[in-house]
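Both complexes below contain subunit A, partnered by subunit B and then by subunit C.
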Partner chain A sequence: MFDLLPHLLNGLTLGLLFALIALGFMLIVGLMEQINLAHGSLFALGAYVAMQLTGPRPPLPAELAKAWLALPLGWRYAATLVIAPVIVSLVGMLIELCMRRTYGKDPLYGLLLTFGAAMVIEEMIRLVWGTRDYVLQVPSAINGGFLFGDLIWSTYRFYAAGISAGVIGLVWLLIEKTSFGATVKAGAHDSEIVRALGINLSRLRLLVFVFGTMLAAIAGIIVAPIWGIRPHMGVDAVIPAFLVIVLGGVGSFWGAVVAGLLAGLCVGLAGAYASEWSLLSMYILLVAVVTFRARGLWGKKSVLEA
Partner chain B sequence: MIVESKSSPDAARLVTPTMLVLWLVLATVPLWITRIGLYPYLGIEILIWSLYALAFNLVLGTAGLPSFGHGAYFGIGAYAFGLCQLEIVANLWICLMAAAAGAGLAGVLVALFISHRRGIYYAFMTIAFGQIFWTLAIKSHRITGGEDGLLKIKRLPADFGLVSFDLTDNVAFYYFVLAVFAVGTAALWRLVNSPYGRVVAAIRQSEVRASHLGYNVWLYKVAVFALSAAVSGFAGGLFAMAQLAAFPDVMSLHQSGYVVMMTLVGGGLVSFWGPVIGVFLFLTARDVIGALTNAWMLYFGLLFIAIVLFRPEGIAGAISAAVQQHSLGALRQRGTSAMRLLFGSGR
Partner chain C sequence: MASVIGGTGSFFGPWRENHAWAQGAKPIKLGLTCDASGQYGNSGQDDFRGIKMAIDEINAKGGVLGRQVTFITADTETTPATGSRVAERFITREDCTILIGALHSGVANAITQVASKYGVIYMNTNSSAPSEAGENCSRVKFVWDGNGTNFSKASVKNAVDSIGKNWMLLTNDYVWGHTTSAATRTQVESAGGKILDNLLVPQNTRDFTAYLLKIQQAKPDVVATAVGGDDIKALREQVAQLKLDGKPAWINNQQDWPDVWGAPDSLFGVFGTTWYHKLPLPGVAEFVKKWQAANKDGPIPVPGNVSYNGYMSTRELLRAIERAGSTNNVKIIKELENLKVSATDRMQHFDAYMDPMTHQMQQAIYLARRNAKPADNTDLFEIISWTEPKSAADDAAPGKCKLTPYDQVPTVDS
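The block that comes next holds the complex of A and B.
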């Protein structure tokens, strides 16, 4: 049993990261009924922008750069955690403005549009940063490892798991406990009525999309030190994201969180027995669940099926 | 495609005039392709991908089923061809049949799982299965060669009993692929315009209505997916011959996305030949723009976004709209001059 413990913990951490990655994706699917295939690219962009900001050559005027670099890494990292998602959200805004033309049409069009956007962003990343791998610097406080029983455990993984849980909690509060969340949900449920009540629905949708983009970027920054920063990381992220959504059921917040944990545990435990095939276990889990529960664990009927 | 098949007498034909013209034009390609700075291998690639895209459009355009993991079947075909040649028997026809059969089998297996699904759930499941096959291809080092691919695939001679053609030369192989392409397009055209094809098109319009009419929608969806997978696998087998190897790359989510792009850019949703236009544009753009800049995907991506936004029916759709408008305009002009003649307007 004790041999399995590290795999179990690994799986849980991975599961929380999966849930974090899927969160922004899920918000846009659940509240706008749009599939954002560019989610992975925005995730990667977040990591690249953060790397550039915390790196030795920040893209700032000379004086500002000097002042910025004089700050301790911890401060810079904390600031980047806010600044980078804001920068990336501008790209998300652009995508949403293009996407407006596809609302009310077959959801396929939105999906294809964001596939094109993903391609463009990925090529941009390749143009700016090339194809080599980068490392995101993190403050020494969350770097390194510690002993846990007789196991060496990475501090960063604990930090990443904690942040993920925190962000998931915050998003839940925002959606379930604030009037903003209530309006957004109402807008998803019945856009006519919400518009009739004098609420600017297109601004609301823009806000949701921007928020989802910021979550993608945050996930990118958190995951980057574990997966490494490379052009392919976007695809590596978008696949677990959609998998978690389908497994949990489109439109269900807790479904996505539980599905994320389940997928993570599945990969972690499979890693104990057949590490080569651990990623495959995720897909097998998905196929097994969806064969018996067509809409995932907690899915509701949605327009996406039409 | 539905509109076309109803109004045009070509639907009942085995070989249409469009088809003949296309084949004849394609037959002249090796004569001039090197003179415009391209090379015969590009022609081979365009033909193979066209066959693949036409097979894919059977699912997307005819049946309206969003399959986003189709690269898997193309790749399985390539591997099946290679494995058959290396492990079982080095006969071109048997190996090509193995490519189609292997991919078709995988297609049946997947279709059995997903054919009760609709819309985005269908799309997601095809992605999941695509990823499963891709992972299998990458991780099964001993069978597929992993990331390095399956090497040492040969262009087997096309043996017709009395005569046998050597296909190692690119031009000879081009003509072989063209012959296969001709047979393939005629067969796909017949299939789309057959009673079976009509039912599939009806399912695209409304699954509920088709099932109320007494059709077993599930079975039709399984069959069309498996057929499409088999033809994609056949094209994959040809691709393994062209490349002299099989790589897991074609099975990735990206490459599966490219065939969707090619099909839509060309206009697969409204025209039988749309996918061919898309493939031609995609592959020549890759080579021509790719020679000028190393970010050709950026420009193609932007073009794709523009097409989805402004011309979702693709290039074929834009052409047919332009033709229609033109003929309408000409008609109106003729109409007004007739009116003028009759009523002497303006005076």
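The block that comes next holds the complex of A and C.
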């Protein structure tokens, strides 16, 4: 049993990371009914922008760069955690503006557009930063390891899990406890009525997309020190994000969170006890769930089950 | 009517056995099967830089047999199916008569199958599964990198004697990982050590925490990894963060330079390589300068083992064509099978030779660790030993490799 506990804890922390990665993806699918295949590329872009800002050559005028670099890494990192998602959100804004012409049409158009955007962003990353790998510097306070239960654990991993839980909580508050969240949900449910109430639906959709993009960028920044930064890192993110929202049920906030945790537990436990099945285990979990419940764990009933 | 029949005959005829292109001053066209994306995308492009440098050098001297050398390249995406498709297209539609390039052994094996079908020579520059020169060898394929067995032979016995007998294996779950770990297991057990467990790592694993916890629980003396590409980079980050790089000891079978360059701070353990840009040998500094001139503003400032293997394999291929005085595939194969290169010419510590039984280049194998006192920001390795080819040779490979007789190889000419 004592052998098992570390792996359960590891699975839960990994699950929180999966949930964080899926959060922005889930919001855009759930609230806009658009599958954003550029989610992974925006995730990668967040990591790259953060790396550029915290690195030795920030893209700033000489004097400003000098002042910025004079700040302790902890301050720069904290500021980057806010600034980088804002910068990446401009790209998200551009994608949403392009997507407007696809609303109300065959969903395939939106899929193709975001798929194209993903490829453009990835190639742009290659052009700007090349194909080499980068490391995102993090403050020493959240780096290194600590001893717990006779094992060395990664401090950063627990920090990342904590941040993930915090962001998930904040997003829940925003969606469930604010008038903005209520309006967004109403817009997703019945756009005509919302428009008739005088609410600018276009602006609302833009805000949701931008918010989803910022969450993708935050996930990229948080996960980068564990996975490393490389041009195709977005592909590694979009696959678990897709799996988590399908497993949890499309549009379900808590479904995505629980699905993330379940996927993390599966991967963590399989990694320890049947290592060759570790990545495959979450796909087996997905197949097992959708075989008996096509809508996912907390999804709404759909034509799949009619 | 006769001409119609003749034309039809040559179109539908037995072209596998007689695949001849028009002779003359037309360029010799090479197909470069280098990854540009996927797990080995970064390394694939470094491979390409070395290959291109060798082609440019020979063209600057007037080409081969008075003919310029051209090339086409396409991303094999670190995917065997794509590698196979690219190879097929290069041979049948682009008229490439020689293929060069590989990192991933699964991709290399897929390309080998296509190349063997058409009799096209294939230079496997950088994939290092022992099976590439063993059960998956081919008369048309030549393997230029050291393989998992070579590196294990150079490192394991000493580590069992000096560090400890209890070992764990961490193995990428594909052909290179399996064959390399199998070689390590053999070496460990024959040196009196014991394998506690073999943890299989699926390709594209980014989070190694479960594995690292398991390793800590098992408390081995040594962990031997056969993990490559992006996976080893992620593993290195996580081991370094936990400061697990001291105990247990780590033997990382091979560290390709492009994998190291992106994250040098996480370099740990002892690892193998075939070349280093600061080897104190004649010609190395000049080669580095030439490479830098050819790759200005590249993502990596110095050549590493991957670019070196790309360069050496292409250079030796082009020299073999020159010596053969022909672009006939069998004549070139025979030249390559008899290849011997002096240590000076290879910029290594020992003379190297092509094993005619396995088609693997037998060369010096270096063991390295992170350099604690670098001379500059590229001086990341400290070379701690060099093993001569015969001591690191994969003795089992000749028994596993069955080469097709020459007369059963389809004829190819440029």
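As a convention for this text, the second predicted complex is superposed on the first by the 300 of 306 C-alpha atoms of A that agree within 3 Å, B and C clash if a C-alpha of one lies under 4 Å from a C-alpha of the other, contacts with A are read in each partner's own complex, and residues count from 1 in each chain.
As a working rule, a contact is a pair of C-beta atoms (placed from the backbone, for glycine too) under 8 Å apart; a residue touches a chain by one contact, two chains touch by 3 or more.
Small disclaimer: the values here were computed from a predicted structure and weren't measured.
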item	value
Fit-or-clash call for subunit B and subunit C when the two complexes are aligned on subunit A	clash
Which superposed partner A:226 touches (first subunit B, second subunit C, both, neither)	second
First (subunit B), second (subunit C), both or neither touched by A:39	neither
Contacts of A:115 with subunit B and subunit C, given as first, second, both or neither	first
Partner chain(s) touched by A:205 [first = subunit B, second = subunit C, both, neither]	neither
Touching partner for A:280 - first (subunit B), second (subunit C), both, neither	both
Partner chain in contact with A:76 - subunit B first, subunit C second, else both or neither	neither
Against subunit C, colliding segment of subunit B, chosen among 6-14, 150-158 or 276-284	150-158
Shared subunit A surface residues [contacts with subunit B and with subunit C]	276, 279-280
Sites on subunit B touched by subunit A in the complex	66, 113, 116-121, 123-125, 127-129, 131-132, 135-136, 139, 252-254, 257, 260-261, 264, 295, 297-298, 300-302, 304-305, 308-309, 312
Contact set on subunit A toward subunit B in their complex	35, 98, 101-102, 105, 107-109, 111-113, 115-117, 119-120, 122-124, 126-127, 235, 239, 242-243, 245-246, 250, 276-277, 279-280, 283-284, 286-287, 290-291, 294-295, 304-306
Subunit A-facing residues of subunit C, complex	36-38, 41-42, 45, 173, 199-202, 204-207, 209-211, 213-214, 216-217, 230, 233-234, 237-238, 241-244, 258-259, 261-263, 265-266, 299-300
Interfacial residue positions of subunit A with respect to subunit C in the complex	3, 6-7, 10-11, 13-14, 17, 130-135, 143-145, 151-154, 156-157, 225-228, 230-232, 236, 267-272, 275-276, 278-280
